[in-house]
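Take a look at the structures below.
You will see chain A twice below: alongside chain B first, and alongside chain C after that.
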Partner chain A sequence: MISINFEYHRPHSISEALEMFGELHAKGKEPIFYNGGTEIITMMRIHSLYTEARAVIDIKTIPECTYTGFQGDRLVIGSSIPLAQLQEMPEFPLLGKTCSRIADHTSREKITIGGNICGTIKYKEAVLPLLLTDCDLVIAGDNGINEIPIQQVFDKHMLLAPGSFVVQVLVKKQFLDLPYVSKKMTRIDRIGYPLLTVSALKTGEQARFAFSGLCDFPFRSNSVEDALNNQDWSVQERITNAISQLPAPLLGDAEGSAAYREFVLRNVLEESIAELKGG
Partner chain B sequence: MIGKSVPRKEGNNKVTGAAKYTNDFSVAGLLHAKLLTSPHAHATIKSIDVREAKKCPGVRAIVTGVDYPILTGSAIEDRPILALEKVRYFGEPIAVVVADTEYEAQNACTFIKVEYEILPVVNTVEEALEGKHPLVHEEFKNYTQVKELRPDPTRNVSNHVTVRKGNINEGRTLSDITVEIDVSFPQSDHAAMETRSVRAEILPSGEVYLHSSSQAPFTIKQSIGKYFNINENKVIVHTPLVGGAFGGKAAIQLELIAYAASKAVGGKLVTLTNTREDDMVSSPVHIGMSANVKLGATNQGELIMAEIKFLFDSGAYVDEASDITTTAALNCTGPYKINHVWCDSYCVYTNHPYSTSFRGYGHSELGFAIERAMEILANKLKIDPMELRIKNAIKPGDTTPSQAPLTKGNIGNTAKCLERVKELINWEEGQVVPISDRIIKAKGISSLWKTSMSPTNASTGAIITFNKDGTMNLNVGVVEMGQGTKTTLTQLLAESMKVDESKIHVKMEVDTQTSPRHWKTVASTATFMAGNAVLEAAEDAKRQLKNNAAYALRCKPEELEVGEARVYLKSNPKSNVNVKDVAHGYKYENGNAVGSLVIGHGSFMMNHLTKKDPQTGKGVPGPAWTVGAQAVEVEFDTKTFFYKITKAVTVLDVGKVINPKGARGQVTGAMCMGLSWASREGFTFDENGIVLNNQFRTYKTIRYNENPKYIVEFLETPQSDGPYGARGLGEHGVIGMPAALANSLSAAAGVPINQLPIVPESIWRQKRGGVYDINKF
Partner chain C sequence: MKQMVELTVNGEKKRIYVRPAATLLNTLREELGLTGAKPGCENGDCGACTINFDGRPMKSCLTLSIEAVDHQVTTIEGLIDTPIQQAFVKQFAFQCGYCTSGFIMNCHALAELYPNANEYQIKDWLQSNICRCTGYEEIEAAITEVLKNKAIEDTPS
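Entry: the complex of A and B
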């Protein structure tokens, strides 16, 4: 049960949403945009997040946010699309597979792609395929509605100006059907937070890799990719070098120690490289 | 009716969602209570300021520890209702807020300002025994002991139980070979679907009404009376269907807080239901343990001696932990004949959540230690682990570690259970079988036993009344918590009365005002105790029916028999009268009435149980021992150390199977619980004693599709004093699962796995010799 009283608002257009945010902000209600609401429900009830929010703005009924389909040479995914739906969507199998391992089915019916990448959870596994495909994000905010390359707005977490929200994800067709791997390892169950999740995409002779659960944030790193693609080295050397290039220390937490994560990472990378080579 | 899989009497109501549990209740004027709990594991409370919280909307009252400076506990009175002066575990209740709505109560909790002074944390049983100050209980010497304990307060020990059987020095001398192992596991959760819930009201007449999701409504009555100085006869407790308990709902905790909360608002009806987080750590948990086991045997594999040390993590308060410490000691060897046994079992305070009973009650804990030691002994002796167990299996004529004599009537056939498991798990195929270059199949086995330690005079009763149509109403004080006892008791009555079970209406709810007193619904004793009471009540009802029928049939009562809803002449069954016509006296055709209204009653009391000797442990702790054997099969990836549990087997000697599907359900459920506990459950504490996984998002239990194939079979060696020979079976499926899993994975990985839970990382750590070194790949 959430013990804090707050207002619920449901705008029907992007402009209405932005306007609402401005008004509520001016009234000191610390509004937040939201999609699925799972993080609000689970964190507000234990009083650990959003405790200052006195208004929430539900963007799920904004038409652009619920749209999926092709526009020109790009696949458009509305930010309000739930993970369970992406899982069933044949157009972007890497995204589908990655999303299919986030949380459990009941939660995936609620959790949206926008919510997963913008929330506070450190794993944000849905962002991995987006990082690998150089997608653009449609972001609505004070500066209007803009398409911004994901690399410019995602660094460890989303860098969104207050009062802005992600409307859509735009992925170029050329990336959708490339060979890929997506592997999630947990402490023991199929369902749970990751020890690590690896998504990889084969673009020509090169492979791209993005990781979640390994460090405190999800990432794609050029130096890690360079190491993993270095054909002068053996697979083991590539992996060892990649590990030395990680952007932050390996995570050690209740899911697993840092040393164990490294062990799991080595196995998973070895398998991934082998699979991508085969593919 | 015996041996028939009668569907649960309450089944339709449950599967349609119509069944009502304690918290399925609302009424105008109902007030809601919420707990404020401690964010620290050990700290002095310097001040609690409730002024801001009292101003919050809807708030009616706030109660803190100083309002009720009393100490409670079933073994030793060490636990305040709400923390007094200091907090001793993460999640300990500090204050309760009563408000018009639940959210207002919860909201007000955030406005209570508590000032703490953090104290060093006693975070393991080993640290506790070092006895550094501050102790968990500095004032221990001033506490009232309710049960006989042997404490060592300077080392945080609340109870030290010793078992001395035979002569340990002789045992050491006679042993050709000895093995020694250390095992351990942390505390864990009961994970019942229904979180604990209670509702309290104090009427102007002075009567106190409580509704509680409890295994012990009659104990609640006693406790409320005792701690609040109320005549017990004024306390009335209702327990509707309970949504899973597993031992966790036998402790009295929220009831005391709810009473205090109601009192604070002038006796108005107040409801208090745990959040999942509170249910996991604020209310009592499954005990943790560290143990050291030494086993001695001859070269031929005959067990000679056992030297065992158990350190039980009782957490911050004792509750049932001291009795679990005792039970584990008195049954420390598992179902094996060993002549020389020394056991030292310690109940140790730490700054962890407090421990209470959990399905298996000490036997799963001791079982894990012993069965791992047996496996290592077998390896060292190079004897087949199955053969070693069969060779040493305990039998009638032997004695238990507490020197209780075993007879044909009080123990089943362990060796036969093992023999059957051997076939069912295809043991001959080999313990370890490769199935690909990476994957191997491995098996692990375990024996098990369990007795039920109760007060030596634990008792129960049953009442049978009749409807006008001759159907019966059965009223017992047993709580229905998913175990299906009410259906089993119905079957026993139906068998005795020779009618279909549909002719019997069993009351699901327990009402302490009208239900016959039943000790507690614990220890797999309900069928044994209440079953015997039901059979006695049935005899009583039959006697009365015969008396009434004697008028109708113009004969002596002893010439009559009851069956198939009739009372008939033994010599000529065609001469009979309907039960419905004699259940309420008998009316002659002219209107004259004779006889009496039939009300059958019966009772049962444990007998021949004796207190244990304080030095040697000698005594008879329980009425009988259920024995069994179990096995687990896993598929193990030798590269990643991930594994899948593919098969789990139990063969249990239950005396008599009353409801086959019900029995299978109980055993399978318990096996699932044991595997879940062994493979993934357990609280993770940080260095400050904070529980890091008090939510299901981080505390994992086995999921539906992660279950193995379950194979369950029963042997029927009758228990001489059990109803139709039946023994208890509710808990037993859990007992051998942890050891069987650990034995299979130890065999698969080639390293000893002696800690629970067994996640792949634990195996990886063992493979590396227990050393963490990031550079050593």
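Entry: the complex of A and C
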């Protein structure tokens, strides 16, 4: 049971949602935008996060947030699309494969792509394909509705101004059917938080890599990619150099020690490089 | 703080007062007397509270009651003698029974939405529910039987 009381609002347009946020904020209700709501419900229930919120604004009834389809040379994915739906979307197989390993199927019916990338959980695995494809995010806020490259608004976590929310993800067609790998390793069972997740995309002769579960945040790193793509080195040398370029220490936690993560990472990278070479 | 909402549960419209913070699981059990959805972890992990939301399996502990306005909710009480219920009995796919309603709602949605589901998809969906009696083999046999029978029914004679 959630012991906190809050108001629930259901806007039907982006402008209505922004207006609601402003009004509720002015009344001191600390409103938050609500998408799938799984993290908000679970964290509120144990009084861990979002405890100040006295109003939630459910954005799932905003048409732009539930839209998927092509517009020009880009695939548009509404932020309220559940991961289970993305798992079955043939247009972007890398995203589908990555989403298919987040949580369990029934939870994926509720978790949305917007919620996954904006939540506080450190894994945010749905962001990996978005980082690899240099997508743009449509963000609504005080400054209007803007398309912003993901690299400008995602650094370890989403950098959203208060009162703004992700409306859509825009992915260029040219990235959708490139060769890819997506590998999630868990401690024991198939369902669980990642020991590590590696997603990679082959663009010409180069490969892009993004990671979750390795450090305290998901990331894509130019220096790691440079090391992994350096053809002057053997595969083992590339991997060793890439590990030395990680942006933060390897995690050591209940999912596995830092040393074990490094051991598994070496194997997963070796497999990934081999698969992409053949792809 | 309670507000009036109209929910459609098992095809019936119900007007009730709920707190916006109330989960669908709590409302089904405490306001509507539908105790088939079970509280387990209440954290989205065990699947005992699974219901169908517009025909798709959903954990009612991870859903606010108020989110269900304008949607169709089906609980185990709304299923009567369906093929998956018959198959659970035939295959002895339950022991203590606590997880059974959640498993049945999940399996029912799978059979309705994906009658041609393959083994991978069956396992992928079943991993959303936990059976502490470990009756997984029998549960898998039950859903497999339902899908096989559907395939036979759908085959042109």
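Keep this in mind: the second predicted complex is superposed on the first by the 279 of 279 C-alpha atoms of A that agree within 3 Å, B and C clash if a C-alpha of one lies under 4 Å from a C-alpha of the other, contacts with A are read in each partner's own complex, and residues count from 1 in each chain.
Assume a contact is a pair of C-beta atoms (placed from the backbone, for glycine too) under 8 Å apart; a residue touches a chain by one contact, two chains touch by 3 or more.
This structure is a prediction, so every number in the text was calculated from the model and none was measured.
**Q** Now for A:Tyr260: first (chain B), second (chain C), both, or neither, which partner does it touch?
**A** Touch status of A:Tyr260: first partner only.
**Q** Who does A:Met1 touch here: chain B (first), chain C (second), both, or neither?
**A** Both partners, chain B and chain C.
**Q** Could you say whether A:Glu109 touches chain B, chain C, both of them, or neither, answering first, second, both or neither?
**A** After superposing on A, A:Glu109 lies in contact with chain C but is clear of chain B.
**Q** Check whether A:His47 is in contact with chain B, with chain C, with both or with neither, and answer first, second, both or neither.
**A** So A:His47 only meets chain B here.
**Q** For A:Arg187, is the partner it touches chain B (first), chain C (second), both, or none of the two (neither)?
**A** first
**Q** For A:Ala26, select first, second, both or neither according to whether it touches chain B, chain C, the two together, or no partner.
**A** neither
**Q** Which chain A residues are contacted by chain C in one complex and by chain B in the other?
**A** 1-4, 42, 190-191.
**Q** Given the complex with chain B, which residues does chain A contribute to the contact?
**A** For chain A paired with chain B, touching residues are 1-4, 42, 46-47, 187-193, 250, 254, 256-260, 262-264, 266-267.
**Q** Under the touch definition given earlier, write down the residues of chain C that touch chain A in their complex.
**A** 1, 19-23, 26, 42-44, 47, 50, 53, 56-59, 61-64, 66-67, 106, 124-125, 127-129
**Q** Residues of chain A touching chain C in their complex?
**A** Going through chain A, the ones touching chain C are 1-8, 37-38, 41-42, 44-45, 56, 58, 60, 84, 100, 103-107, 109-110, 190-191.
**Q** Name, in rising order, each residue of chain B that touches chain A in their complex.
**A** Touching chain A from chain B are residues 102-104, 106-107, 109-110, 277, 639-640, 679-680, 684, 692-693, 697-698, 700, 703, 705-706, 757, 759-761, 764-765, 772-774, 777.
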